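Structures follow.
Presented sequentially are two complexes of subunit A, the first with subunit B as partner and the second with subunit C.
What follows is the complex of A and B.
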């Protein structure tokens, strides 16, 4: 009997040991301390709201800063008071007055005042700043003129601070959805003294963003930032609503490889994956359905074409490429997350806007376009690159598309090259590409967030494309206060975009990710901007009525 | 000026029976043939090389980059009916875009084997010559040459490759050169060490006293005596080189998608391990079998080629 007893003992010891290990994995330990561990895609470019432009970077900034208005935990179009406790507009929505709360504080204890916002806007719009997202502030009167250097006096830009706690924004055009717009990262304030301590106002990458130097006004403050390892933030004791902030801290992990991220999730190292690789979706559906989420997401996946370069400067060639992509196949078998094949650029939204239905997969038409472009068959098309940022999913899509172009058009000399995210962004900005993968997620709930960027000279255009008709239609649409008339005008503008195809739409996003069941209040959001202060972590057995931290 | 006396050398007496001499190579081949494991490995490698290089030209093998997304993740020995039209037979299954795994492995093998052998021969040539010269000449030349190796050792490999690729563009031949140019350093050190100990031995003194030139001594006497070590190290280099190729391809500096190498196939497979294990298993089997046989063959060759082990 001794061996048996020994065996039983060993097995039970092992069982105890393994459950002990399971209980104390990193995600569980962090959950006990109410620390969120979030996968966040690529390494952030910066922690400065005036430099960043990607979704992952904005995710971190949302913890470190707070705008005038902030995001609601479950409703994209609801407005939560942020630094502004209330706001009002004039009759035609061209002048907005924000009344700032007295108790808003920077993470070093200083008061957040209306002047901080004015300073921030003068910084992002400054021509020397070269901010990639400055165009978000073209809503302000003379914002674009100042940014392009046509107006040199900032006092002519439509933002004023009559006193410390009042901010008046005068807009170029009537914008009833303006409170949605100011939730965006580009409208965050920055702390003037900190920025100017480490360089001049327009210096891009100074030491002010480093841990210890960084000053923000969000619910969290920066603790540590290790390149390619993590960005760690903790609750900010000076935050005006600190008592209601649920998590004690957040750690953002820049894990570029979708599969590595998923393994980290499965191994209990993180609570949430930024994405979930398509080939794993089926496995999760069968085995871990309780952690799999698939939600509507206001985003468009497309290819940018650099219209200043051969052979992309040829309209018919772009049309041929667009018509030779079988989007149905891509969403069904390659991305697999329930994405919608795009027949236009702007995703159809609940707000009522429907994009034109013109983008089609039509191989015969594609060959005809190719002939019109002046190529007898695909083999005489000059070699060009399709660049993607490092990700298995983008690579798989690119490979599928490359083969479609080869099958339907006979184009053989397309090479796929992948670039690391920061390099990739710079390459696009420098127009140093022929075709590049791109994704655009709405910044607010209105079709203009997808259409403004294609205006001439818009900082997010990055294709070299420009159309006076398009600009004029958008300008005209902006002056209409009737929503239906405005949408009709935007529809016309989008039709021009889809006729000239500086971008080749592929599909409309769905947000597919895995999240620990212990995370509470992480609701489906169309724009996916989760306000972290409302996110709670509850382990089974936790008392939900436990008083909040401190 | 004294004239050179003409000395007539008497012709050697003709022997009754000339024993047929055997060359080093022939001896080695005889010894190698007795080593069954090494011979199996040799035939396997030959078969692998021939398959990889010739079979992709045969119509039996599918286009490795042809996608049938609706036929993805099929198991081995299945036939899929694509909505695109043709029915496709997959001998080893299909990958995440419905491409033929078998065909991709063979095409990937071409890249991996080419990189493995070419880059290794580059490193072999440079390393052996450099090390032998440094060791044989000795003194200040040796010190200077080895400091150059030290300096090159200290340079970060990836950064050099990135600089070279940005300068010359992303080309496959560059990959061979880059890897070869880095891998020769250790080879040079090893050969130098061997030569240092060999050059004090009597047979070298004998060769020198017979008036042989330096080049002849290095090529006829020193290098053949280091062959055992060289071969062992070479068989270690080939897998290392294939691994480097995989790393570079992953960073976007080597083989570009949709083309594949064994390294990139294994990487893709490792990522999809839980959902699609055959993507990992098959390329790994091919890779592992090749590396094993390279090692066994290397082992056998060392035993066969080392002149010091020749007793018969």
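What follows is the complex of A and C.
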């Protein structure tokens, strides 16, 4: 009899347990408290703006810090005043003066001054800091020279604070889009006293970014950070615009597994998924359209060609490869997220720059190029390798392209090899490849964020390609203060890039994710840099007179 | 050989093994392609050089190795490359309780399910119930954890809403993680127990006991069980070590911040120090639990001798 009694007991215990568990889910409870729960990809590497480089890390920094200028919640081209309440440039856009508000405060109550910015820039550019993203500051006069050690006196670098509330930036080249650049996390100020309390200025290992120690100037301050668990931030009472900050707090969850993240979303644990796996998009499209978002994103997916190697050193061969890729098929059947087939390299922006429309799928033309390259048919093309970093999606795309090259050009000896991330990086850095998968996300809203990298000797070029004409056009474009004239010059430069094809563009990114319908004011943004202070959370019934969406 | 002798001998052996493991790990790490500073956006070479200098990676390899050994002797596992501002000691201190809880609960469940099923099946050998249970166990072994875990998540997390599907703090997802591991190990233990119980039940001393009229239950639980459980105990050593050392798959699927995640990610990040730290933890666990299971087996079966 004992087992039966035990069984009955277990069942009733489970029943009690399950009713106890029928509670409102975490996402709803958090929404009630106006706390945002966001999936955020990988565990952050750091919370120090001078150490991080990934998009996910920047998402957290955007809550903890504020730059001179900040992102507008819905308009990519608009500038919201941040620490600077206004700014002006000289006639040729080489000198920018930012007038800082005097009520800007650090999360410990100290005033944010122009000197904090100067200190921050001297830190990120310091050769011993080894900041991975220091090159963003190369806009400043002598920024690069100081970073490489060619100039050792920081006073030679183009940033000055004539008084506590004025910051003057002198640039290498005219940059009418400079306010867009300074929105980036690398341009955030840091709190000198805090950093130096926990080590020297250039210490990589520093405890200042820990909860309790961290001092920022953003709308939120750091509450807790547990590795692989979460980063919690709460409203910063010292923030100058605290009265207008909508959420009371944000929790960033590092969830690397896309499927786990999606289950967490469906299970009411988070309000927003960092990504949505391609295989789930269809299901959401049919069953949960109200939470599915698919938005244009300033990113380009392409193949790098190593132009120093056979057979990729043959221009006509590269043209043949580019013309034999059916991009429509790839975005429709492989990536499935509504991506846009690329007809140029730089993603087009509605209001701004339009890239040349030259990349086409044209099998006949492709065969013609192949003949011009000196190959009678595909079978005499020497064997070459297409390398991708380990990922189902990259592999699927590579296989589709491999098949297209075989079908349209008859090239049979293309092998795909998979390399683990760091090995992949090293291979490309060493130019030890023929064709390699690549992606690039814009750092700011201007075509130069996509075009600068192809200059001769740029660290991100990594194709062996170099064109004096291209370099000259970019240099010339930088001298132009008129936006349209400058775009025209960049267009010419990009035409050279697309004519010589050290890169084969495939498609322009979309951001596909799921978001709770209770989140308000989370608008499509090209760079996906949402200013959290404007994000509101409304549960149905909270405000009957206002619609839950906008 | 006395127990004290045995333990001290094994201790010395373990220290030597750890030394070899540390050495091999160190050099394998440094010879692996890539380095911790490679990133999607390429970093100018002079900056990489500065970072290498900061972490002492610019020194001759052998000097690095000696410095590393010296630090290890005082228990300093170094700074993590991937988690800036954290020492490897801290990273491990944060993550091992997670793995320990999932692992111990999983193993507890595995024993509670697996041993009785095995004994029961052995007692009813070649019956339908035996075949049924053993087929189930085979299924449990064949279904990998990355299949069971999402299934449990979907049923008990999303449909029944008994548990959370992901997360650690303030989340009940670890129960599903433990259950996933429990099912897998229970299946294995059930088959192991059944096999060794049958082995024992065919022994002469059982026949003697039967001839003497000892009750079947007493034969099963008092006589056969003590010998029959021995292979399970032997298996528990490595099983426990691998469970507590972190099981990447369940941690990944339920997003739990355990050692297993670090174990795998550290490698892809080329986080030299964290790789070494997790390897040391894992190796130590294996050495300790193997020792414990050896001792337990002798205690269970005095005919065995402590052999070195």
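Some notes on this structure:
Just so it is clear, the second predicted complex is superposed on the first by the 345 of 550 C-alpha atoms of A that agree within 3 Å, B and C clash if a C-alpha of one lies under 4 Å from a C-alpha of the other, contacts with A are read in each partner's own complex, and residues count from 1 in each chain.
Note that in this section a residue touches a chain if its C-beta (ideal position, glycine included) is under 8 Å from a C-beta of that chain, and two chains touch if they have at least 3 such contacts.
All values derive from a computational prediction rather than experimental measurement.
Touch criterion met: A:415 reaches subunit B, while subunit C stays clear of it. Look at A:400: by the touch rule set out above, it reaches subunit B but stays clear of subunit C. Of the two partner chains placed by the overlay, only subunit B lies in contact with A:332; subunit C stays clear of it. Of the two partner chains, subunit C is the only one that A:206 touches; subunit B does not reach it. Touch criterion met: A:259 reaches subunit B and subunit C at once.
Touch counts on subunit A: comparing subunit C and subunit B, the chain ahead is C. When both complexes are overlaid on chain A, the residue A:269 reaches subunit C alone and has no touch with subunit B.
When the two complexes are overlaid on their common chain A, residue A:429 makes contact with subunit C while staying clear of subunit B. Of the two partner chains placed by superposition, only subunit B is touched by A:277; subunit C is not. Residue overlap on subunit A between its contacts with subunit B in one complex and with subunit C in the other: 257, 259, 420. Put simply, subunit C touches subunit A in their complex at residues 32-48, 50-51, 54-55, 79, 82-86, 91, 94-95, 150, 153-154, 157-158, 160-171, 252-257, 261-262, 265, 268-270.
Remark: subunit A residues 257-259, 277-280, 282-283, 329-330, 332-334, 390, 392, 395-396, 398-400, 402-404, 406-407, 415-420 touch subunit B in the complex. On the subunit B side of its complex with subunit A, the touching residues are 65-67, 69-70, 72-73, 96-98, 170, 252, 256-258, 268, 270-272, 274-276.
Across the complex, subunit C is touched by residues 17-18, 21-22, 26, 43, 45-46, 48, 51, 53-54, 127-135, 147-149, 204-210, 226-230, 253, 255-257, 259-261, 263-264, 266-267, 269, 420-423, 425-427, 429, 459-460, 462 of subunit A.
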